[in-house]
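Each of the next two complexes has chain A plus one more chain, namely chain B in the first and chain C in the second.
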Partner chain A sequence: MFKYIRLETKNIAYLFPFIVILLSACSNSTDNTAVDEEILLKEWDSYKENASESEVSIFMWGGDEGINAYMDEFVSPELKEKHNITLNRVAMDTNEILQKLMNEKRANQEEGTIDIIWINGENFLNAKENDLLFGPFTEVLPNYQEYVDTESLDILYDFGTEVEGLEAPWGSVQFVFQYDSAKVSDPPKSFEELSTWVKENPGKFVYPEPSDFTGNAFLQHLLYDQIGGPDKLLENGFDEEFVTNNTDGMWEYLRDIEPFLWRDGETYPASLTELDRLYSQGEIWMTMGYNEARAESFINDGTFPESTKSFVLDSGSIGNTHFLAIPYNSPNKEGALVAINELLSPEAQMTKYDTTYWGESMGIDPEKLSNDNKEKLAAMERGGSVLPANELNEAFLPEVDTQYGGWIREKWLNEVVQTD
Partner chain B sequence: MKWFKQTKYVWPLVPAVLFVFIFVGYAIMMALLESITINGQWTLDAYKQLLENQSFRDSILFSLKVTLTSTFISLFIGVVITRWMYYYLRNYWVKVLIWIPMLFPHFVWGYIVILLFSQSGWFSGLLYELGLLEDFTHFPVLTQDQHGIGIISTYIFKEVPFVILIILPVYIQMNHQYKHVVQTLGGSKWEIFKTVEWPTIFPVLSEAGIIIFAFVLSAFEVPFLLGATYPKMVSILSYDWFFQGDWSQRPMAFAAMIIVTSIIVICSIVLFSMTNRLRIRVSKGER
Partner chain C sequence: MKNRHYSFLFSIIGLLVFFPVAFLIVTSFALQWTWPQILPTEWSTIGWNALIEEPKLFLALRTSIGIGAIVVFINLAIGFPAAKVLAFQSFKGKSFIEAFLLMPILIPGLAVAMGLHLTMIRIGVADHWAGVALVHLVPTIPYTIKIFRSGFERVGSFYELQALSLGASQKEVFTSIYLPQLITSIRSATFLIFVISLSQYALTAIIGGGNVVTLAMIYFPYLSSVNNAVIASFSLLFAGIPLLFILIIEIVIRMFIPYRSLTNTQQ
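== the complex of A and B ==
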């Protein structure tokens, strides 16, 4: 008998963690809105004071070694030295970060683990609609006020969603195609020429499926081309009837080139990584992606052939801005503000522009820099695979409502894939 | 009822059972709730949409095809290897050799398959160097193909060692004198297998089978790496619906996973009731 009793008490101990979990899920629902508003009313210097010796966790997509190196080798020591902040970078896909926040929101968890997230587009729309973000906070950042072109449309709108101060612009990228100049002498200038090229070189071109961000952007270019530029799409927001009625040619075009694509169009790469792998192994001769300088780091580490060059089509190239935001339940909002402000500083932005690490365009306005910095910027070499700035600027096209992305995905499946 | 009286076996099970009920049970319940509510309203719309959805119907058939093929081939090869080699497999080093694929995660093994068997992979390159292949596009399409060859072969590589791991002890402990009985009575090798080995290994084998079946049907990483654009395995489809766009397709993602869960649960119940009957017969000594 004694033996049984001992076993039972032991088991109550086993149960303890579960009870704690159950109880903690039920409590913890205080309202923090008032505290948040108070934070935003403080003086800038008091943030710096409070942030000192604290830890700031940034959750961000970690699939690019150049970007990771920029964070770990430049930003992290910089924050430590200037503000005594310990930066803790956690690699996670943005949609999963939002899922985590969404779960925390449902469980009424007011103290989370994330202080900064890297975000834009659909993810921002979802975060905004579900009240997952803290703010509006951008107005309190000195560097935002001083260096950001606050009137610019691609900073006021993120893929058609109004930003409303909930995220601060970190950088911007433009969509370019990369090709191997050793194999392709004269890259196409329009979708028509691309189609001719694809037919002359069967199996050497493919785009990622549109569930991938890059594949979706490729199709969006085609959509713009089809209806004569993004203006009509920008005017009315998402208009399903309009695009459905005016895009037969687009799907016709895709069905027409499909038999000449990689693997005879039977399958498409599931991700940009996969497309780049095919390009680096020479299976295909062109790849593509956001960030006009993306090929540089691949050329430097030997993944892409040195003869890699880039091009944009005459009908333009889509560019977008990406942002930094603070979750509603960030445990260190003041630290996050200081860190984001530092990331928007000319120094941090110009190091990011340099191809050593990342090589993408700045989130701040180059015109607002000091003369010294302007000169430095002009002297920076972006590398042989990057198109000249004026050519990129001329080609720049804005993003439209994110719902077009979803429409493209659905429609592509019906019109291109299921017709085989 | 004898089993329940042995309370000392029941109590230590409580944490494990509670763990399953609280975490897995809660997750399934939440998924079920999410699949039958849209904007706070009770509705079966998600299931209706699913059944009308061509991608889903193709996907579930494709998933079942891939899963059943890889499960049965793994079980078959596993049994054949164990039968032939159980004597040698007692040796530590031979065992290690067979179990090497188990050391790699599925994701890594999937990547190995791509690097070796894709059109620009290692084998294609080797054949090209040897002058046996004019161009790598002539190499057969073994990865990211529409028949799931890449997925199936990855799972076979990974699951065969698992099958061996599970049935090896059964073979080693089997009463091999029964075999001699069949032999003396003039039975063939096939009859030895049918009358002596099969009844002993069947319950264990079916357990291994259901584990592989459940895993393959719902796993994500291998089909993500090695699958084609269309049809997709149901886990990929569901992941896409879960994360994409404005989250309006989430009920469908949950409904798809609930359907997959139901398939697995039904298969397990059928198999366990079958093997239970067999176990009872075996324990009563009627073969």
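== the complex of A and C ==
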């Protein structure tokens, strides 16, 4: 105790080394790849045998009642009945999941608590770079082999990061705008028309700030528009000089519409949730977001007006795929494989496609379904607010390197916020 | 005259408390409630259905209350002696110790959690309720010590000195002097600790690793839901639990603490 007396005034500063030591107390984990490889060499039937009567924990974002209901009311009983697997759904933000895994990696914990995580984009890049994932495992899944379009770019790449079999595609979503057709008769078809519309209807439009995923996607689309499509960005990876030199018009556009945005552009919603609330309260007349069918469940539970419809701009609609992965220290890897395979089955995917629960596009290729299922799929009603499949397919634009997201975030603060 | 001032003050406070609660209750049953309607145009029980259909709700309630009770108990056990020393004794390095004890609320919880997570994995209490209860001590102990310290300073050490000089044992000093005199501090500390423990999301998520499902683990993800009714119903439940807990504590206090009439007049 007395040793510390002299530290009185600086006591807080003196504690930082301890924290740093704690945080950086990392050492490489022992090599368990041999065991992993052994698992992957087994026959599929042996997984099923070993997985029976086991518990599989899936950790996933839990902020959507529709998605939760899909997991609890459809997937969970299905796994129980078919494979005698008990599914344990744990709601946690992906950031925290990765944080937990990273700590476990540092502490050499070989047996964790997570069997499956729901992941994509920047989080996947982080997980891959830090060796947090088990695999490559997708090749051993029968349903992946049979139903997934394994050549497709949005399955081989996740926001510009090579997937390399470390995650299996669960579904895909496209960015669409929603509008209230009772108030907006003719939605804009280009960014130019959007600007005109915003000026004619001051206060009725806003986009979330780009630190939000959705706000960032909106600006990314504007960026594509500005430089004539995503191809140039895809070819070169992240090229800061190129975008900095060629995007003056984009920021000019944003500054131009700012005074006509909600609350005169003085503040922007911090998240998609806030944007959706403004829309549901009728304060603004348009909202936006990934998942072309996202409005359906909101309309069904009365959050959005029934007159809600959606539109995409002529220049396209950004889409991405989200995936399922297995952490390196999953205590039940074989169970996880069986469960993921089940989640990729036509039945599970088509139920997910149905707007009763979730309503998003399938991770598997509709072309590879049996004729029976193709017919069923064609007969499914996605609801009045969802655009026809061919229109969405034509509009599809790929994601580019995740670093562009960070660039947009920073640049927006300088170019739009600080110039007021 | 003085009374009238008080009743005016009370009605202001009453309104400030009543309105948010009433607003929450109405929101939890509202289906559509857009500006400028004063009351919702459509009602439904969707908000409460989502709550009741949550499969882990009962488990989470049990875990939350259990962990909360343990955290309260450990807090009282640690906070009581620590606060007494800080209140009555002076020694070299006291201000350092004081600052040190306040550290956990000055450093961001997530930074603390990450460091502690490594340690907890090594000693084997990560992903277990014991680890979660331990980590909940981090954001609660500082408050407990603060509360008890001012309690001890209010009471002073004279009763204790007198009792000791009359031949009382330490145990008697504790049960018949400090316990009844500090009952208000116990009440406020218990309530505060319980509420803090209940609302820990990040610490619980990382240390509990999803194996320990508390109410916050279920409730926080719903905060990003657009459906206000769901959030409102969860919030009401969230607010109700500490009240229930404090009611139980109150009953325990009434049953076990001596000199009840004295403590009542002292408030």
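Just so it is clear, the second predicted complex is superposed on the first by the 389 of 420 C-alpha atoms of A that agree within 3 Å, B and C clash if a C-alpha of one lies under 4 Å from a C-alpha of the other, contacts with A are read in each partner's own complex, and residues count from 1 in each chain.
Criterion: contacts are C-beta pairs under 8 Å (C-beta built on N, C-alpha and C of every residue); 3 or more make two chains touch, one makes a residue touch a chain.
Keep in mind the model is a prediction, meaning the values are calculated, not measured.
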Based on the superposed arrangement, let me know which partner A:T113 touches: chain B (first), chain C (second), both, or neither?
second
Give the label of whichever partner, chain B or chain C, reaches more residues of chain A.
C
Applying the document's definition of touch, where does A:N126 land relative to chain B and chain C: first, second, both, or neither?
first
Identify the partner contact of A:H322: answer first if only chain B is touched, second if only chain C is, both if each is, neither if none is.
neither
Which partner chains sit in contact with A:K333 here, chain B, chain C, both or neither? Use first/second/both/neither.
neither
Quick check on the superposed pair: does A:V417 touch chain B, chain C, both, or neither? Answer first, second, both or neither.
first
Looking at the overlay, does A:H221 come into contact with chain B only (first), chain C only (second), both, or neither?
neither
Quick one: classify A:G282 as touching chain B (first), chain C (second), both or neither.
both
Once the structures are superposed on A, label A:W61 by its partner contacts, choosing first (chain B), second (chain C), both or neither.
second
Common interface residues of chain A - those touching chain B in one complex and chain C in the other:
4, 7-8, 11, 15, 96, 99, 281-283
Can you check the complex and tell me which residues of chain A touch chain C?
1-2, 4-5, 7-8, 11-12, 15, 19, 22-23, 25, 57, 59, 61-65, 69, 72, 90-93, 96, 99-100, 103-104, 106-107, 109, 112-114, 271, 273, 276-277, 280-283, 298, 301-303
Over in the complex, which chain A residues touch chain B? Could you list them?
3-4, 7-8, 11, 14-15, 18, 21, 95-96, 99, 122, 125-126, 129, 203, 209, 211, 263, 266-268, 270, 278, 281-283, 402-403, 405-406, 409, 413, 417-418
Spell out the residues on chain C that touch chain A in their complex, using ranges where they run on.
31-35, 42, 44, 46, 50, 53, 55, 92-93, 95-97, 99-100, 103, 106-107, 111, 114-119, 121-122, 126-127, 202, 205-206, 209-211, 213, 217-218, 221-228, 230
Interface residues, chain B side, partner chain A - complex
7-8, 11-12, 14-15, 18-19, 22, 54-55, 119-120, 136-137, 141, 144-146, 224-225, 227-230, 240, 243-247
